[in-house]
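Multiple structures follow.
Below, subunit A partners subunit B and then partners subunit C, in two separate complexes.
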Partner chain A sequence: MSGFRLTLKAPLAARVDASSLLPAALAGANVADVAARSLPFGTGTALLGDLFAVEATEQDGLVISGDRRLDHVGAGMTAGEVRIEGSVGAAAGAGMSGGRLTISGDAGDGLAAGLSGGRIEVFGNAGDRVGGPQPGERQGMRGGVVSIAGSVGDGLGARLRGGLILVGGNAGTCAADGLLAGTLAIAGRLGPGAGRGMKRGTVLVATAPDALAPGFIEAGPQDFIALKLLARRVPDLAALFGGQLSGRAVRLVGNRLAGGEGEILVLN
Partner chain B sequence: MRTRVTGGRVFDPANGIIDQVRDVVVEDGRVIADPGPGGSEEVVNASGCIVLAGGIDLHSHIAGGKVNLGRLLMNEDRALFPEPFGDFCGCGGGRAAPTTHATGCRYSQMGYTAVFEPAVVGANARHAHLEMADIPNIDTGGFLVLGNDDFLLRLIAMGEGQQAINDYVAWMLKATQSCAIKIVNPGGINAFKFNGRNLDLDEAGPFYDMTPRRILNTLQRAVTELGVPHPIHLHGCNLGIPGNVKTTLATMGATEGFPLHLTHIQFHSYGTEGDRHFSSGAAEIAEAVNAMPHISVDVGQIMFGQTVTASADLMSQYRNHNIADPKKWIGMDIEMDAACGVVPFNYRDTSFVNALQWAIGLELFLLIEDPWRVYLTTDHPNGGPFTSYPHLIRLLMDKPFRDHHLRQIHKAARSHTRLESIAREYTLEEIAVVTRAAPARTLGLKDRGHLGPGARADVVLYEDQADREAMFAHPRLVMKDGEVVVVNGEIVALTEGRTYAVHPPSDPLMDKRLERWFDEAVGLKSSHYQIADSEIRGGQGPEIVELKP
Partner chain C sequence: MSAPAPLIINGVEIRDSFAEAFPMAGTRLIITADTPRWAHTAAASLTGFATSVIGCGCEAAIEREIPAAETPDGRPGYAVLIFAMSLKDLKKIVPLRAGQCVLTSPTSALYAGLQGGAAVPLGKALRYFGDGHQISKNLGGSRIWRIPVMEGEFVCDEIVGSTTAAVGGGNFLILARSRPAALAAAEAAVAAMGQVRGAIMPFPGGVVRSGSKVGSKYAGLIASSNEAYCPTLRGIAKTALPAEVESVLEIVIDGLSEGEVADSMRAGITAVCGLGAAGGVVAVDAGNYGGNLGPFHFKLHQLMAPVSGATPEAGR
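Moving on, here comes the complex of A and B:
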């Protein structure tokens, strides 16, 4: 099996729904077939071949040039690999259950919404509601790993139900809003309102947040064997926090207004 | 431009034409008497097709506050059933709570050309009309919800007399540009305001000390005396409660001879027999309907799968909110005048209760003998999305198909229904009656639901196929007011429909009186509450339904 490289002919003049550009959907097609597919373009449709130059590649998977108007990249992917050269629009990787999505630039809002499996890596920044619920859903991301090298917008990990989100930079307001389970790890700073309505789960943060939502109580510094184990078993976490994952952390218990079974661990 | 639809088998029960091969000639949006050959005309070959008038759905929640909340709540429904991209669609979508655009497209794709919203709350009427104006390809109209509002209950409680009530009902119909009166749980919703949880037909409600029976009879008299064609459209008491068959029968017996339409009667036909204390009351209800020529019903058939229930009866919705699937719901008060509850629901054939509900609906369809008094509805979206009509039609027309589905449902439910012993299969004529001719007649729409000269040129061609579901899902051609809007089940054009209303006269003194009432009790001026003709359909104005003499 081989893959395709889709290179944008010009910057997109309208938003494109790229959710049909998945390795499984294009498997076995030839270049002409792929170019003849139609894509939702603005309020109408456009031929893929009119927007992108299509080449077959030896390597499996799809390589697509990015554009901030390219939405739903990798959405619903179950297997295979999609690599984006550049930035993308909203809802990248939404509802993905497997496979690997790599974005070399920035991602828009709704990255990894409702993710249940697979791996997403963003080398730039991401917008609001990373790992949140899909529209109409009651739970956010349920599984999988999302790794963002830069910063993210507001509402990181809202109603997160499972999985791991790693943020190299800062998080905006109201991170971990209504978090149900799963893990957020933030190497930078947490914006105000973090942990609002958080029920269970763990937030790992490198430095003490300025202002958490009401309902947290400090349980003092403790030695966590689990953190040492995590550092060994989860290389992503170890890489994000480097030497900070020694096992020692200040534990903030919360949100006690929503049951109080969650925790924010301040590593430093 | 004249169009001749030729060679089709015409089913036009309103004009006594059953399965006759004849031409239907259409000119300027109307059916005309056949002028014979000659002149320039476009010919549509209908050979191999059944020719029917456009479908009419008299009970489907398509506009107004509730269904819009349903759209907000069922966001994922829109993502699961998006509109296909193309020249005429590409926006909106959804099935249980479709957007206005999708509502119009999906209905006309099945050959429907008129749909009525059966629960317009006065405070939401303007919104409902704006939404109806947004629905393409179908004509619309709204039924005004009365029977729990303080002004009416006060009039009755103070013994003001029938004339005052009639004036008020007439004023409200015109103010909200509605075409009939709906009552939801008479007096019962008002009782909720005073901590009353339940109200039987002859139980006096709190505060106003008035029985549902009295409210019902007063409004029935008002509607009859005003000459509103459609009788009171009643959502009775105790919806969905086992044993409510008694309440329903009592309600039928309480009409004092006035005509009455009982809506989504499937939800009101439950007995308490059997070890699960839930059984079918369909036979008793059907027997009563058969014996009472002044009663008409629509079924509110439930169909398996995901839908959302939206009702002005907050109390019954509150009772159900724990079994919401997915687990979320909305309950709210509308301007302290009416209530509203939106609860998503997934009917499963593996559930005893749901399976029996499904069977009860079909029993009602098959046991009520006169098709002119039973209308095909799923109470969209409460019993199931309207897009399931072709499947429902096949269940009614095809006994082996019905039996096949009966064998799939919950075992215990199967032994609780007599569905298997019912041999009746609906004929094409009967389908034409329950989906077209009969709803037009009860709504007083003289130029709809038939193909005689003067009728609206809403003409539908269905290719005659053994698989009735496929047949009714994809008409070969649908004409709306003479314009072709659907070919082979696909939308080819969008047209604007019209909105029906009745304007019975009322005493000008009622204007003054309501101005005072609005100043005192409502956070709005009476003049702002009333919807002007120029507000309907972007200035087109309502189409006035003639009053009965």
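Moving on, here comes the complex of A and C:
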């Protein structure tokens, strides 16, 4: 026995905090132990076994049924793997420092908030504030990789401090707000208002943004050797933009209103 | 106890001697550029004036050309090896040379060619040239630096790994009937040794004509001409040369490990023996200092035993 499959018995009737459902936390437990654990459920608690059918699996890690009321899945994970079959609620992967979280459906708001390591893959869309700060924190995600196949909501990468966020679809308004360092890559369109208060860091976009926040200056086109390098060292990045990066991009520098020297690279 | 049997390969005497080598700190850098020409230019500049630690502070040379498909950024490249007498020296000399010779070279980029061991700074030191406009990216498991330059951007890895198991001073001497014969044999050896990865021949074209002995009659000079192998001093000084030898060339080898130095020496001596007596080669010897200079002793008979088929003598 190496892992568990947790299958929802019925759609959740209230929000559940799933942050305790981590591979390390359940390691060594048996099915009865796992089923007997309690989870925050609405304003109270519920036994895990009342919500989920628990089954031991040969494969390592956890496989959990998704539900849009299932919050904080994989939050705080340091190692191991959690796979979600379906969609999840808010704060998935928040504060993760290692391991791998895979979500086959959509993720709610606050995905990867405060992420410092590990990898999150979302095959659907994600909500607002992907990679932003956790409540009470001043800085957003500072390491790790987040890959979202679909689109994301507003506030992508707010106060991002490091790491890489890949968005296969579009990004909503006000992305890269106060971005400090790290990399955002958006294959679709970058919504209006991006880059407000941006200090450093890089936003890679396939097409010219609709309307950036005021304070960006175009430095012109350039053949960036660094992009060729990253395309080979980070295959995800190249794949996001069709398999390869030519290296050619127009560089927009900002946000100068904040004295920042971040960049938005518009790939040609 | 009888004298050891002579080892003769294709008419070339392999003398019962040994090359005496010493530990070094070393690393590998990969230089790329838009064209092979400019990658080579940067690599040649980086490894210039790096024949011997005696006068250059380091020993360095191009290890091999790397096809574009195999380099970190998909452009033509060269791998170079650089060695110093200590890790401290290596950490000083690598960023110094990288800053003067690669950062300055058009279209170049500089990457780590060795992982593990103590970190030697590349971009970690060079980034300050960007005067605050430098950009770092920590993706794919390693940090790179982008330093704005007039031509565009200079890209380099933050650090390169190193090894203190490197070996410097592997060598062998080609004793030939004529100067052209010695040169031809040395060229053949260098060509063969160029196929061995992890080792370089730091002298000009891989060959040194001024093999040295330790010390000098002049105060302050730590190395001087090795008169025992100077054909024009036969009769004046104690000589190691038979009457038919008119010219001697030496090949010095540095490697990232003892095994790579041995492989390189074997490849070189085999190539020399391939030319044989018919090519004007009389003997192959090696430079040593009585075993007092370094702990690595590359015994020629043992080294060439797999080639000659002879049973090597028991350890000296």
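Odds and ends about this structure:
Everything that follows uses one rule, which is that the second predicted complex is superposed on the first by the 265 of 268 C-alpha atoms of A that agree within 3 Å, B and C clash if a C-alpha of one lies under 4 Å from a C-alpha of the other, contacts with A are read in each partner's own complex, and residues count from 1 in each chain.
In this section, contacts are C-beta pairs under 8 Å (C-beta built on N, C-alpha and C of every residue); 3 or more make two chains touch, one makes a residue touch a chain.
Because the structure is predicted, anything quoted here is derived from the model rather than measured.
Aligning the two structures on subunit A places subunit B and subunit C side by side, free of any clash. When subunit A is checked against subunit B and against subunit C, the one touching more of its residues turns out to be C. In the superposition on chain A, contact is made by A:Thr43 with subunit B only, not with subunit C.
Rounded to the nearest 10, the angle made at the CA centre of subunit A by the CA centres of subunit B and subunit C in the overlaid structures is 110 degrees. By the touch criterion defined above, A:Thr183 lies against subunit C but remains apart from subunit B after alignment on the C-alpha atoms of chain A. By the document's definition of touching, neither partner reaches A:Ala32: not subunit B, not subunit C. Once chain A of one complex is fitted onto chain A of the other, the partner contacts of A:Glu137 are limited to subunit B, with no touch recorded for subunit C. Superposition on chain A leaves subunit B and subunit C with their closest Cα atoms 24 Å from each other. Shared contact residues on subunit A (touching subunit B in one structure, subunit C in the other): none found.
Of all residues in subunit A, those touching subunit B in their complex are 38, 40, 43-45, 134-138.
Of all the residues in subunit C, the ones that touch subunit A in their complex are 72-75, 107, 109, 111, 133, 135-142, 144, 146, 152-153, 155.
By the touch criterion given at the top, residues 143, 162, 164, 181, 183, 200, 202, 222-226, 228-234, 237, 261, 263 of subunit A touch subunit C in their complex.
Across the complex, subunit B meets subunit A through its residues 73-79, 85-87, 90-91, 326-328.
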